[in-house]
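Shared chain: chain A. Partners: chain B in the first complex, chain C in the second.
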Partner chain A sequence: MNIVNIVVAYKYAPDPQEATVSSDGTVDFSRAKAVVSDYDAVAIGYGRRLATACGATLVGVCVGGPQSAKPVATKAALSRGLDRVVVVADDELETAGSTRTAQAIAAVVSQLGDVALVLAGDSSMDVAARMTPSVLAGLLGWPMLSDVETVALADGSAALERLTPQGVQSITVALPAVVSLTSEAWPVKPPGMKDLLAAGKKPVEIKSVADLGLTLADEGTVVSRAKLGGSARLGVVIDTSDPAAAAATLVEALRAAGALSEGGLA
Partner chain B sequence: MPFQLTDEQLLTRDAVRQFAEAEIAPIAAEIDRDHRPPLESIPKLAELGLLGLVIPEEYGGTGADSVSFAIAIEELSRVCGTHGVLVEAHSSLCTWPIVHHGNAEQKQKYLPALASGEAIGAFGLTEPGAGSDAAHTATTAQRDGDDFVLNGQKIFITNGGFAKTFVVIARSLLDVPGVKGLSAFIVERDTPGFQVLEPERKMGIRGSSTTPLAFSDCRVPAANLLGREGEGFKIAMQTLDGGRTGIAAQAVGIAQGAFEAACAYAKERVQFGQPIAALQAIQWMIADMAVDLEAGRALVYQAADLESRQEPHSQASAMAKLFCGEMATRVTGKAIQIHGGVGYTEAYPVERMYRDAKITEIYEGTSEIQRLVIARQYLR
Partner chain C sequence: MSEDQFDFDVTVVGAGVAGAVTAYLLAQKGLSVALIDRGETPGSKNLSGGVLYCRSMTTVFPDFFDQAPYERRISRNQLVFMTPESSVALDYADERLHRGGTAVTVLRAKLDAWLAERCEEAGVMVMPGTRVDGLRIDQGRVVGVRAGEDELNCRVVVAADGVNSFLCRDAGLRPKPASNQLALGVKAVVKLPDGQLESRFGLAPDHGAALALVGDCTQGVGGGGFLYTNRDSCSVGLVLRLDDLVRQGLRSVDLFDHLLAHPLLERYLADGQLVEYGCHLVAEGGRAMRGQIVHNGLVVVGDAAGLTINTGFTVRGMDLAVGSAIAAAEAVAAAIAADDVSAAGLAPYETALDQSYVGQDMRTFAKAPHFMEGDRLYHDYGPLLADILFQIYHLDTSPRHRLMKVARSALKASPLRLTQLARDGWEGVRAL
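The block that comes next holds the complex of A and B.
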């Protein structure tokens, strides 16, 4: 099997678990530490297995603001099993959406050459739009498959299993391709101490938008943000001293609220 | 001088914290309740590289710096003091003296197994009549041909129940009194005449196996003499310099775990119509705990950094051990106070942390011995 490069697209972004939500619903990320998310760690871990099996180089590609290029950021990604990383770090990309992010990844993939596969996690951790792999595939003119659970590489093609609402779909696709993995595709473990210490010795390339000769697309401007209409909580407390009566009361209340039909959940 | 952690040290904290929360926190209360050594954790600790932290890469270890080691112990101890001391004693007390005083054959023979977790290490210095007072070590090691024959008893040996490799201090120069007659030996668990006795039932760190050792005409090959004859006390004291920093890191970790539990509880516990975190009495305790923790952590990292740079660190490690041991008892005590009645029950982890914290004032040199070490530096 002659596969030279496998790319993993990853993001170094604030951890939503460390964000705080104020009473008016605004989310404050200012005290949230930036990390490589577990979604991306799935893609890196899976990519490591594929690259090792076929002797390919596993290249991480990260797009973001200047903090994505900090040594602690690149080491965090490299310690997960990447062979090298290319970071497109630019003030212009600090708040990049899916289109601009995909533009930058596509430019790096084109410069690298010989890329058989681009892997991505289930979604980015901070924006979670799940759009970037699709836009990237469109820019590259490659097929894109989402919700992939397993990948088996062969010469010029890959056999994939996708999780769909109807069940598992087996697909064979010609390479190169863009694939986003489910969050269960690979068991994420923390990087080992040896991997952490080796990370600083691996190659890192930092590029700007100008280095790539990119003209970033207009992603539109957010004019206003409207709060989603919240569902008011009724705050009904059911006395559970008689469990059977409590269950009946609960069912009746759910029916009255339209949440339960005769056949089960509405 | 502000202490700045390196990228690798910051990432070590993240990785060990993630591991500890996923693999260790779920069993911490159970191993404490059952006084059960967490043997199932050993392959996991090895896989992450935590058993070879102080071992050079050429022998299968990680070759991490001492600050990274302290951070790892701190993070393990944040969720479970038992796991903290298991790795600390294995690394600081058994592995470290072999790395620094072993010859090439000894390193090749013992270090790869200690790094992989195939062997866990332990250290035998304390005896019924010689704890801090090593000069009165009664265990003897009499030369007989190509062997030393060990006789005597050791007590309070951490990891004793399952360790395979022991570094043991015994008197080999029988006509040399005091500490100059002591030597260090590597003793394998299955050596005839060597017996590990019943583990102690302890107040805290209950999952840690703490046992007596008995030597009865136990023949140890002369090839297992660590360093030169008569260097046993020097090796033990250098070993304990690093060990004290490790125990101080354990104390910081235990205190950190209790502090976080106290903050979380203070924010969720409502009294008089408001979370108790809104009460100044609670805020003052939280503030004092935070300052205590930061001061202790700074002392630990300073001592560890000196060790990494191979600078003298006896005094720094004694200061870290003294302050952090007493700090951990204070902080975990306040954590119980903030919890009120439930903090005194097994339903919350702070009572376990309080019991675990107390030992950090005692083992690897009591607080009183640390004060002696520190005062000597100024009164010479």
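The block that comes next holds the complex of A and C.
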């Protein structure tokens, strides 16, 4: 099989688990540390297996602000199993949306050449628009398949299994293609010391928007963000000294609030 | 083991202040260093956010004040004795403290991340998200570390894994600490409404306050409370001696709520928003807790070496961590250069530590833990001071008495006896 490069698009994004929601519903990401999400780790892990099987190079491509190019960021991605990374890090891309992100990835993919497959995770962890792979495929003129569970590569084509609401589809597609994987496609495990050690020695290429000769598209302007809605907290405190009684009281309270139906969760 | 079997010259376990500074200094000396931390990012497992006495830090990082993410320079210190309704404070503000940059408040999530970046710049291989399971020991020598299925081989391991130091315990260097040598630290960071912090604490920009709280805040449990000002938030918490907490059957969460409800704290923290909270063990044993800090192929630094001092006025750990890191880096580099990383080859670390301000201060305050264990400090002094001052300020048309008589009658009403007062005074002077 003659596959030279497999690309994994990943994002170094703030971890929503560390975002805080204030009492007035404002969501604050400023204290959330950036990570390579588990969704992206699925794509990298799956890509590693494919690349090893066919002798291809697994290239990570990341687009973001300057902190995406810091050693802690690139090592976090490389330790998951990438052979090398290309980071498009630029102040201009700090708040890039799907369109600009896809533009930058497309430029890197074109420069790399010989890319048979671009893998992506289910979605980004912080925005979760699930658009970037589609915009990328559009820019490249390649097919895009989402919610893919398995990929089997052959010469010039790939056999995929794709989860749809109607069931599993088996698809054969000509390469090159863009594929986004489900979050279950690969069992993620944390990198070990040797993975981290190896990561420190792998090549990292950092590019700016100017290096790629990109003219970034207009993505519109965010005028305001709605605060998280939802009803105000009722502030009911249940005494837990008798656990069984507490559980019964909780169920009653949830039922009264309409959160529970007879079948279970409403 | 031959040259090429070593992954690194030195492996440092724990990327807190002690570990990061040791790693940084060793890398600067040209050694290959790995810095391992179990937190996904260095600092994420850390809770201490307190006062860093930073003179030693500025010798390591001369640009500390320009570059490091500190919160405020402390120019105002208070020691506050609390009763349920009152607080009596020794309030000390001094411009010299600010000018000299003696102490700063820090939030460790930010500081540790900054230190790790300095380490990477110096060439340290930083490995976050990795939990070291144990030491690799070969014929009585530490030769590396184990983590999951992986092993790292190195000439020297630096144990900087904190107060619980499982590495030291596994290596048999230190017994499990006694419960009177440990305290439970409970802390919350409370963000104040914009612009409120400086006016509430009476601070100029970049100036900070540090309050040490004694008495009702712990409801008599050995230990104390603290309130530090960060940039736009406060770190507030309790340090509770474990043995006393258990003996009195109290819960830390109840004590913490009790502290926050005190009128003094309530006013400082009004309309604040809780941003983070947590708890952590704190070493309180002083010199007696240190154990063995040098072994074949291993040195122990920072909290793992039991390096903390609590005098009631100042609670120190991070500055001692830096001091131990400086001493350890010198000795480890010299031992590697001399190709003798045995306990004897690394022994100059212990000597240098003992001769440094760390060792000297640990000896000077060796009696402090015992003195701080005295119950009267937490039960009786707050009410006594408050009663004396109440008699002075509470004019209710009854005839006044001279101060001496007021003091004597307050003492009579207090469970404290004059002999105890004298003894505590004497012991306090000797211990502190």
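In the analysis below, the second predicted complex is superposed on the first by the 225 of 266 C-alpha atoms of A that agree within 3 Å, B and C clash if a C-alpha of one lies under 4 Å from a C-alpha of the other, contacts with A are read in each partner's own complex, and residues count from 1 in each chain.
Here is the rule we use: a contact is a pair of C-beta atoms (placed from the backbone, for glycine too) under 8 Å apart; a residue touches a chain by one contact, two chains touch by 3 or more.
The structure presented is a predicted model; accordingly, all values stated were derived computationally and were not measured.
> Quick check on the chain A-based superposition: chain B and chain C, clash or fit?
clash
> With both complexes superposed on chain A, which partner does A:R225 reach: first (chain B), second (chain C), both or neither?
Neither chain B nor chain C is touched by A:R225.
> Where does A:K194 make contact in the superposed view: on chain B (first), on chain C (second), on both, or on neither?
both
> In the overlay, answer first, second, both or neither for which of chain B and chain C A:P71 touches.
Touch status of A:P71: both partners.
> What is the contact status of A:S23 with respect to chain B (first) and chain C (second): first, second, both, or neither?
The answer is second: A:S23 touches chain C but not chain B.
> Just chain B (first), just chain C (second), both, or neither: which does A:R31 touch?
The second partner, chain C, only.
> For the combined three-chain arrangement, which segment of chain C clashes with chain B: 97-105, 151-159 or 367-375?
Once both complexes are placed on chain A, chain C clashes with chain B in 151-159.
> Mind sorting out which residues of chain A both chain B and chain C touch, each in its own complex?
In chain A, residues 35, 71-72, 75, 190-194, 196-197, 200 are touched by chain B and also by chain C.
> Across the complex, what residues on chain A touch chain C?
The touching residues are 20, 22-23, 31, 33, 35, 70-72, 75, 190-194, 196-197, 200.
> Spell out the part of chain B that touches chain A in their complex, as residue ranges.
7-8, 10-12, 14-16, 18-19, 22, 47-50, 52-53, 57, 62-64, 68, 72
> For chain C, which residues are in contact with chain A within the complex?
Against chain A, the touching part of chain C is residues 7, 34, 36, 40-41, 44, 113, 116-117, 120, 125-130, 147-152, 273, 275.
> What does chain A use to touch chain B in their complex?
Touching chain B from chain A are residues 35, 71-72, 75-76, 79, 189-194, 196-197, 199-200.
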